Amino acid sequence: MNILSPIEYEDAGPEVRAVYDEIRAVRKTAAINNFWKTLAHDPVLLQLKWKAVRTAMAPGRLDALTKELVYMAVGVSHGNDYALRTHLAAARAKGLTDAMYAEFIAVVQLAAGNVALINGLGIELDAHLKPGALTNDTAASTPGENTHEHT
Amino acid sequence: MNILSPIEYEDAGPEVRAVYDEIRAVRKTAAINNFWKTLAHDPVLLQLKWKAVRTAMAPGRLDALTKELVYMAVGVSHGNDYALRTHLAAARAKGLTDAMYAEFIAVVQLAAGNVALINGLGIELDAHLKPGALTNDTAASTPGENTHEHT
Amino acid sequence: MNILSPIEYEDAGPEVRAVYDEIRAVRKTAAINNFWKTLAHDPVLLQLKWKAVRTAMAPGRLDALTKELVYMAVGVSHGNDYALRTHLAAARAKGLTDAMYAEFIAVVQLAAGNVALINGLGIELDAHLKPGALTNDTAASTPGENTHEHT
Amino acid sequence: MNILSPIEYEDAGPEVRAVYDEIRAVRKTAAINNFWKTLAHDPVLLQLKWKAVRTAMAPGRLDALTKELVYMAVGVSHGNDYALRTHLAAARAKGLTDAMYAEFIAVVQLAAGNVALINGLGIELDAHLKPGALTNDTAASTPGENTHEHT
Amino acid sequence: MNILSPIEYEDAGPEVRAVYDEIRAVRKTAAINNFWKTLAHDPVLLQLKWKAVRTAMAPGRLDALTKELVYMAVGVSHGNDYALRTHLAAARAKGLTDAMYAEFIAVVQLAAGNVALINGLGIELDAHLKPGALTNDTAASTPGENTHEHT
Amino acid sequence: MNILSPIEYEDAGPEVRAVYDEIRAVRKTAAINNFWKTLAHDPVLLQLKWKAVRTAMAPGRLDALTKELVYMAVGVSHGNDYALRTHLAAARAKGLTDAMYAEFIAVVQLAAGNVALINGLGIELDAHLKPGALTNDTAASTPGENTHEHT
């Protein structure tokens, strides 16, 4: 039910082909997802988005699987099946098991319920969590130390 | 701007005090967040939610910091500042730095933009990602192998 | 932080004043909420919205308090504090107690968590709940009878 | 298109079977919804969620049908068809008619439109609705009395 | 998968038929969308909604195509395919091309990503954008002049 | 209540300063919004986002004011005040009046209510709007012609 039809390699101009070639090289597969083939209607957006994906999803201070989980949490929160399933495939390729996924979804559903609780109860931010207390300078929290913290 | 007023330890019944005591013991702090003090209006919900938080957020197959990031991704997706800031404090206590947080937010914003793209372009799920291909049995994807995958 | 400034009775044209008069008569108070005073920038929308509110919120097959709870559930789901607090005031005037509100919020947070679970697990609609089974004609469910039903 | 496959009674361990048995006993039906069968991948979450559903949806100070309507309002607000249809079936079993449902949906759509209006106009909370005025102590609103109240 | 079945002209009462007749006359087609046929379960809501659509979507200070784009942006933001596709058809009938649609979706996805960024970074409103500065009186911005402004 | 503190020009590295300089040149103002100053924690994201904003918001087949309205519609849909107010300022600088804004908000609130109606009534896509009928090739709709179209 695509609104704009996917553009195949054969029908693409050189700018689009260049991105397709890079996707194929990086991902070591000939397949290009519908996401990219549909974005190709706007070559500049295609390039920017591909660069953004490569930059944001690459392992850095957070590892690649953690990033996939964060991405999927956003997909689930918006009820977006495509975002979830494409990155679930990526996460599985990076080692995500069903048991890990079950833990992930337990956190996501907890957070979603808590968001509703917080909204519905109009809960005020605790004094010790007010901005001043959150900067790295003032927090001076020793990693691992179990301090007064979440919800 | 709490809708139901937080219930202090002194004013709480024994069921609520038992949960407060446990929170204090586990978190090694006398402070109890407004979230819990407001939930205390419904002692059964308080107990269930505390058990759910302890269970879901504890390190398991996913480590505790990854779980905090997943939780925060849901908070950000719903624009819920309290959920974000309480768990950001917890994440910082577990070692999250500003640089890691910047990477986190880069993924969240990428995913949120992609959700809109997917919705707006009505992108169909690629044939190779259709359910049959996603079960662990059929996927047979070798972790680490870079296969045709995300977005 | 109003974007369009509220229009006071003194500054309003006859169309707007007519609605204000009706609001005051129906609600037996001189006060007009900022919601209406801001809508007054578009007199046609003001009239339509007032008629829609009067029609939709009036007791009918559902009583007025139930309707307030439904309204508030939407407000909480969207994290909209104004929608929640204005109708919470209305609900309290109709008999809502803190204990009832705690039950309400327990349902809202349950549903919100379940929505995330359903999205995250990609749960398929059960065969016995597929559309054909949902029309009143085919359901033939005896009210009160406890059948296989929810989540 | 389930992501984790539903676990049938025959394939379930004793903890999961115990919950399934209870669901069957309470609901007086052999059928177990996909929701529960999928949750069964995480037996602790299954138990907690089943307890939460039983607790939250049971008639209390709010009757069971009102609770179903509140639940459905959240489902609709998130565009979650499964949450809506499962609880619609439950609500119909509890006496909800098409005419009542039409009234319900009129309130939901009104609230959703108003949420957008409030967001778009940046409407400030009216002074007489500010927190101090909302506690039961200060409100002193006589139930049934028609005071200055909603939107 | 309609929950309430669409009501055809032949089965409709006079109030509903009057709206159907008007829709047909205004839109110069015999076809009535499922949206209207389903709303017909509540004739008052049908009338109000039809009046609201005619009023809001008619060309005024904003032209009709711009209004369709605004409507679609809301549909995409909520992931509502029906809202998007019905108004996309209307927009195409008013001259929207694929190239224009690609520009539209580029803005929508940018905004959605920025919303997540703003939520995740807790960005404070800049002093020069605080309410006082936004009223038309104080802004005194000359249209076209490129001032310090967005994001 | 910024989570990461804004980075001032004086404290920024050369990559960040280059973007700040460009923002100042394009917008003809020394002021840099908090949005950009906070993004500066991730210079690559800052560059990409600035390029995306410049590309997406520039007049093209859609004019700049229409793009601002689309952007704001997303902001309102997500209840994001910062996104709304920054682009409202930009829109006012481009000629948006209060009366135009009132028309805009009337469309946004209509669409938001309709989204809830569509979700709640489970309205099926009309046969004449099914994908095949939406491609530019098959639609062959003459711009301006008033065909069977929206909602």
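The first chain written gets the first letter, and so on, giving A, B, C, D, E and F; residue counts start at 1 in each chain.
FYI, a residue touches a chain if its C-beta (ideal position, glycine included) is under 8 Å from a C-beta of that chain, and two chains touch if they have at least 3 such contacts.
All values reported here derive from a predicted model rather than from experimental measurement.
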Notebook entry, point to check: Which chains make contact with subunit C and with subunit F at once?
Noted result: A, B, D, E
Check: Of the other chains, whose C-alpha centre is the longest way from the centre of subunit E?
Finding: B
Next item on the list: Please name the chain that ends up farthest from subunit A once chain centres are defined by their CA atoms averaged.
Entry: C
Checklist line | Whole-Å separation of chain centres (CA-atom averages), subunit D against subunit F | finding: 33
Item checked: Whole-Å gap separating subunit A and subunit F, where each centre is the average of the chain's CA atoms -> 21
Item checked: Rounded Å distance, subunit E centre to subunit F centre (Cα mean) -> 14
Notebook entry, point to check: Listing for subunit F: what residues touch at least two other chains?
Noted result: 1-4, 45, 52, 55-56, 74, 76-81, 84-85, 88, 98-99, 103-106, 108-117, 119-122, 131, 134
Notebook entry, point to check: If each protein chain is taken as a node and each touching pair as an edge, is the resulting graph a line, ring, star, complete or other?
Noted result: complete
Check: Can you name the residues of subunit C that touch subunit E in the complex?
Finding: 1-3, 5, 44-45, 48, 51-52, 55-56, 131, 134-135
Checklist line | subunit F residues touching subunit E - in the complex, by the definition given at the top | finding: 1-4, 26-31, 33-36, 38-39, 49, 52-53, 55-57, 60-62, 66-71, 73-78, 80-83, 85-90, 92-95, 97-100, 103-104, 106-108, 110-115, 117-126, 128-129, 133-134, 136, 139, 141-151
Notebook entry, point to check: Of all residues in subunit E, which touch subunit D in the complex?
Noted result: 1, 3-4, 41-42, 45, 74, 78-80, 131
Margin query: For the complex, give me every residue of subunit C touching subunit B.
Written below: 79, 81, 84-85, 88, 98-99, 101-103, 105-106, 109, 116, 122
Checklist line | subunit B contact footprint on subunit E (complex, rising order) | finding: 72, 76-77, 79, 81, 84-85, 104-105, 108-117, 119-122
